[in-house]
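In order of appearance the chains are A, B, C and D, and numbering begins at 1 in each one.
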Amino acid sequence: MILSKKRLAHIVFESDDWASKTFDIILLFMIFGSIFVAILDSVASLRAQYGETFLILEWLFTILFTIEYLLRVWLSRKPSGYIFSFFGMVDLLAILPTYLSFFIVDSQLLTVVRALRLLRVIRILKLGRYVAEAEYLTKSLRGSSHKILLFIGFVVAIVLIMGTFMFLIEGPEHGFTSIPVGMYWAIVTLTTVGFGDIYPVTPLGQFVSSLIMLLGYAIIAVPTGIVSSEMASQKRKDEKSLGENSCPKCRFSPVHLTDNYCKNCGEKLF
Amino acid sequence: MILSKKRLAHIVFESDDWASKTFDIILLFMIFGSIFVAILDSVASLRAQYGETFLILEWLFTILFTIEYLLRVWLSRKPSGYIFSFFGMVDLLAILPTYLSFFIVDSQLLTVVRALRLLRVIRILKLGRYVAEAEYLTKSLRGSSHKILLFIGFVVAIVLIMGTFMFLIEGPEHGFTSIPVGMYWAIVTLTTVGFGDIYPVTPLGQFVSSLIMLLGYAIIAVPTGIVSSEMASQKRKDEKSLGENSCPKCRFSPVHLTDNYCKNCGEKLF
Amino acid sequence: MILSKKRLAHIVFESDDWASKTFDIILLFMIFGSIFVAILDSVASLRAQYGETFLILEWLFTILFTIEYLLRVWLSRKPSGYIFSFFGMVDLLAILPTYLSFFIVDSQLLTVVRALRLLRVIRILKLGRYVAEAEYLTKSLRGSSHKILLFIGFVVAIVLIMGTFMFLIEGPEHGFTSIPVGMYWAIVTLTTVGFGDIYPVTPLGQFVSSLIMLLGYAIIAVPTGIVSSEMASQKRKDEKSLGENSCPKCRFSPVHLTDNYCKNCGEKLF
Amino acid sequence: MILSKKRLAHIVFESDDWASKTFDIILLFMIFGSIFVAILDSVASLRAQYGETFLILEWLFTILFTIEYLLRVWLSRKPSGYIFSFFGMVDLLAILPTYLSFFIVDSQLLTVVRALRLLRVIRILKLGRYVAEAEYLTKSLRGSSHKILLFIGFVVAIVLIMGTFMFLIEGPEHGFTSIPVGMYWAIVTLTTVGFGDIYPVTPLGQFVSSLIMLLGYAIIAVPTGIVSSEMASQKRKDEKSLGENSCPKCRFSPVHLTDNYCKNCGEKLF
C-alpha cells in the first residue's frame, strides 16, 4: 500500500474521513497511554515491580511520537513554520527528554534524568490541537486579561504588606521566619486555601489575619465580576448575531431564524 | 375497601387529592426515616446499643419499599419503561442491597455486606421525583455543560503539570510520594480546599504553590462567569417572554400583563 | 424638665431632631459597649482580673436596656404589637438572660448560667433597626431563595452520598468513624473550607476526594450565578425606572432626568 | 549639562520623551530593587552573610528616594499640595523609617528599629502612580462600596453569634478559649480558609460548623453578585457610549463608529 504525500498530509492534518480519524484516535490513545505510564512510573512500589516494562513502553511511545514529529515536519507546507509554532515546540519537547536522558550516564546527574523523565507529562499539551472551542474561552479571558493582571498586581501588593506585618507581629517563633514565608502565608490565606502549616498564634496576629480573610472574601468578587461581565457581554453579542448570521455552537455557519438545526454542526437551534 | 387499579395508579402516580397526597407524604417520611436509620446505624456506639432495632426497622422499610416498587411496576402503563427508567433503577437499587446482604453468610464477605448496607443512602435520589424545579436548574447547567467540561479538562491539565512539578521539587521526603499524590495535592490547592495534610516545605515549592494558588483564585472566576452569563441570558429571555406568553414558575401556562396570578400554578406574577 | 408622652415617643421611635438622634447614638454605644464587655468577659485572664467590673457593667447595661424595653412597650400605640414583633422579641431576649442568671444559685446549673450570659451577644440584632438598606439585599436574596434552597438540598444529597462512600472507603481507622462524620468531612471539603482534621489517606479515598473537590469547585458557580443574575435583573429594572420615577439610593422619591440630586436623600444622580 | 527647572519638572512629572521615560524606569527599578533587598534582608541566613551589603544598598536607595522626594517638593507648582497628597505621604513614609532607625541606639528599642526597617515595603504603594487604570476598578468598587460594607457588617454579626455559640459548645478544652478566638475561628470557617489550627470535635460542634460552612458557601454569592452586576451595568454603559463618544481603553478621546483605532491611544476599536 503506497500513499501519496498529499494523501498522507490529509491523514495527518485533517480529520474528516476513516483514515485521518483513525490517525487522530491512535494519537489520542498514545498521549493518554504515555502520560499514564509516566504517572504509574512515579509510584515507587510500581516502578520497583514493573520498572523495565515502563521503560520499554516509554521508548515505544517516544519512537512513535518521533515518527509523528518527523511526518509533521516533512508534510508541512512550510516546515520551519511548524517547527517554531506552539504545537511544534510541544511536539519536540514531548520527545527530547527521553533522548537526552539516554546520553546522561554520570550518576551525579540522576536528578536531571529524573526531571527529564517527568517532563514527559507536558505531552498533555498536544491535546490542545483537538480543542477547537478553547479559542472561544481564551478570547473571553484575553478580553479581560489586562484587568485580571492589574488585579493580580493589586493582590501581590496586599500580600507583600500583609506578609511583612505578620512577620513583624508573629515572628520566627510562630513559623513566620522571613518576609517571603509571610508572603507565602498571606497568599495561602487570601486565596482561602488555608493549609494550616503556618497560622497566627498571638491575638493581634489573629485579628490581622481576620481582616485579611474578610478582605480576601470581599475581593474574590472582583475577578469573577470581570470575567462574568465580559462573558455576559459576549453572550449578548452572540444572541444578537444569532438572528443574523452564526451558529451558537460552531460559530461558523450562517443560520436563519427559520432554521431548526445548524447546517454545519447539527446543533439544535431553538 | 376495594380499590380499582385505576384509582390505585392515581394514588401512586398523581398528587392532587387527599389519598395521593397522603401516599406521597408517607413515602417522604419513609425515605427520610430509612436514611436516618442508616446514618444512626453507622455510629458504632449506637449500633452496639440499638443494633437490633435498626435491623428490624431496616427490614420494615425494605419491605415497604418493595411493595411500593411492585405497585409501580404493576400499575405502570408500560412496566418495562418504568423498570429501565432512572427512577426505576433507583427504586430497585434502594431495596436490592438489603436482600443481597441476607444471602451472604460467609464471614469473609462482611465488608461487602457493610458496603451493601450503606448503599441504602442512595434512597435520597428517590426525592428527585418531587423536585419539579430541578429541571430548570439542570437546563441552565446543561446549556453551559460543554464549556464547564472543557474548563474541567483545562484544570486537569494544570493539575497534571503542577502535580508533577511539585513531586519533582519537594520529593517523597516532604510527602509528595508520587505524581498521583502530587496531583491530589494540586487539586486540593487549586480548588482552595487546602487540607494541610501535604504542604510545600522548600522555598521553591512554596513559590510554585503561590503561583498555583493565585492561578486558582483567578480561574475560579471562569465557571462562575459561564454559569452567571448563562443564567442572566435565560433570565432576560424569561423577562421578555413574561409579557408575552409563559409563567416564570411553571413555564407552562400563557400569562398576560394584566394577570396577577398564573392560571396554572397560582404563582404571584407581579 | 417634664416630657409629654408624645414627645417621648418621638424621641424613642423617630430620628430627626437633636433629642431623638442623641437617644439613638446612646443606644448604639450601649449595644456595642455591652457586647464588648461580654466578649472581654469570655477571656479567662481578663475575667480573673476585672470580673467584678464586668458584672457591674453588665447589670448597668441590663437595667438601661430594661428601661428602654419598658419605654417602648409603654409608648407603642399597640404594645402587644411591639412585644410580639421581631425586634420586640430581640429586645426582651437581650435582657432576660441576665435576670434569669440571677435566680440560679444551684451550682449544678452553672453551665446554664454561662450559656445565658453569652446569649447577651444577640443584642447585636438590635442594630437591625438602623439598617434600612438591609431590606434591599434581603429582597434580592428572597427573590432567589427557593432556587438557593433547592441548591442547598442538592448539596446535602451529594454530601450524604459522598460522606457514606468515604466512610466506606477510608473507615474508622483514618478518622471517618461514622456517616455523620463522613458528611461533616464532605461539607468541609465541598465548601472548600478544608480544616485538615480529617483527610483521605488511601489512594482510592484521595481519588474520590479529588472528584468531590472538582465538583465543589464547579458547582460553587451555581449560587453565584443565581444571585448575580437576580441582582443584574434588579439593576436593569432600577436603571430603567431611574429615568422614570425613583431615586437609586432611597428608592422613594420620584426623580426626573433633569434633576441633579434626589430631592429626598440628596444622592447625586448623574 | 544644565537643566532648567521647567525641563526638570517635565522629566519628573511627565512620561512622554526619552529623558522622562528613563527617569520613570530608573524609579521603577529602584522601587522593586529596594523592596527586594528588604525581603532578602528578612531571611536570617542571608542577613547573616550579606547583612552589610543590604545595609549599604538600603542607605543608597534611601538617599536616592530622598533626592526624588526633595525634587518633587521643589518642582511642584504647589509644594504643600504635593506634601499632603496621598503619594506625598507615601514618598515621605518610604524614606523616614531608615532615618529614624539611625537615631535609635538604645538596645531596648531594637524591636522598633526592626519594625521601622520593615515599613520600607510600603514603597510598593509608589507604584500606584503608574496604574492609570486602577481608577476604573476603584470606581466600580466604590459604586457598590456601601452594599459591600453592609454585607461585611452582616458577616461580622454572624461571626459574633457563631463564635459565641462555638465557644459555648466546644469550650476551652477544644481550643475555643474565648469569644474572640471563637470569632477568629468563625471567620476562618465562613471565608472557607479553614487553617485547621482550631476545629470542632464534639458532634454538636461539627453540626453547627456544617451549618456555618453551608451558609458561607451560599452567601459568598452575595459580594460576587454585587460586583458582577455593578460591572455588567458599567460595561453596558461603555458599550452604549462606544458608538457615541469615548474610547473603551483611554476613556478620553471621542470615537465614531467608522473609526478603526482610537485617535488618542491607538486602541483597536472593532
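By definition in this document, a residue touches a chain if its C-beta (ideal position, glycine included) is under 8 Å from a C-beta of that chain, and two chains touch if they have at least 3 such contacts.
Predicted, not measured: the structure shown is a model, and the values here were computed from it.
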item	value
Fraction-based call for chain D against chain C, same above half, different below	different
Label of the chain whose CA centroid is most distant from the centroid of chain C	A
Centroid distance [mean C-alpha coordinates] between chain C and chain A, Å	42
Centre-of-Cα separation between chain D and chain A, whole angstrom	29
Shared-contact residues (touching 2 or more other chains) in chain B	151, 180, 183, 192-196, 220, 224, 226, 228, 230, 232
Chain-level touch network, classified as line, ring, star, complete or other	complete
Complex contacts: residues of chain B adjacent to chain C	35, 38-39, 42-44, 114-115, 118, 121-122, 124-125, 127, 131, 133-134, 137, 140-141, 148, 151-152, 155, 180-181, 183-184, 187-188, 190-197, 220, 223-224, 226-228, 230-232, 234-236, 239
Residues of chain C that touch chain B when the two form their complex	146-147, 150-151, 153-154, 157, 160-161, 164, 167-168, 172, 177-180, 182-183, 189, 192-196, 199, 203, 206-207, 209-210, 213-214, 216-218, 220-222, 224-226, 228-230, 232-233
Residue numbers on chain D that touch chain B, as the complex places them	192-196, 224, 228, 232
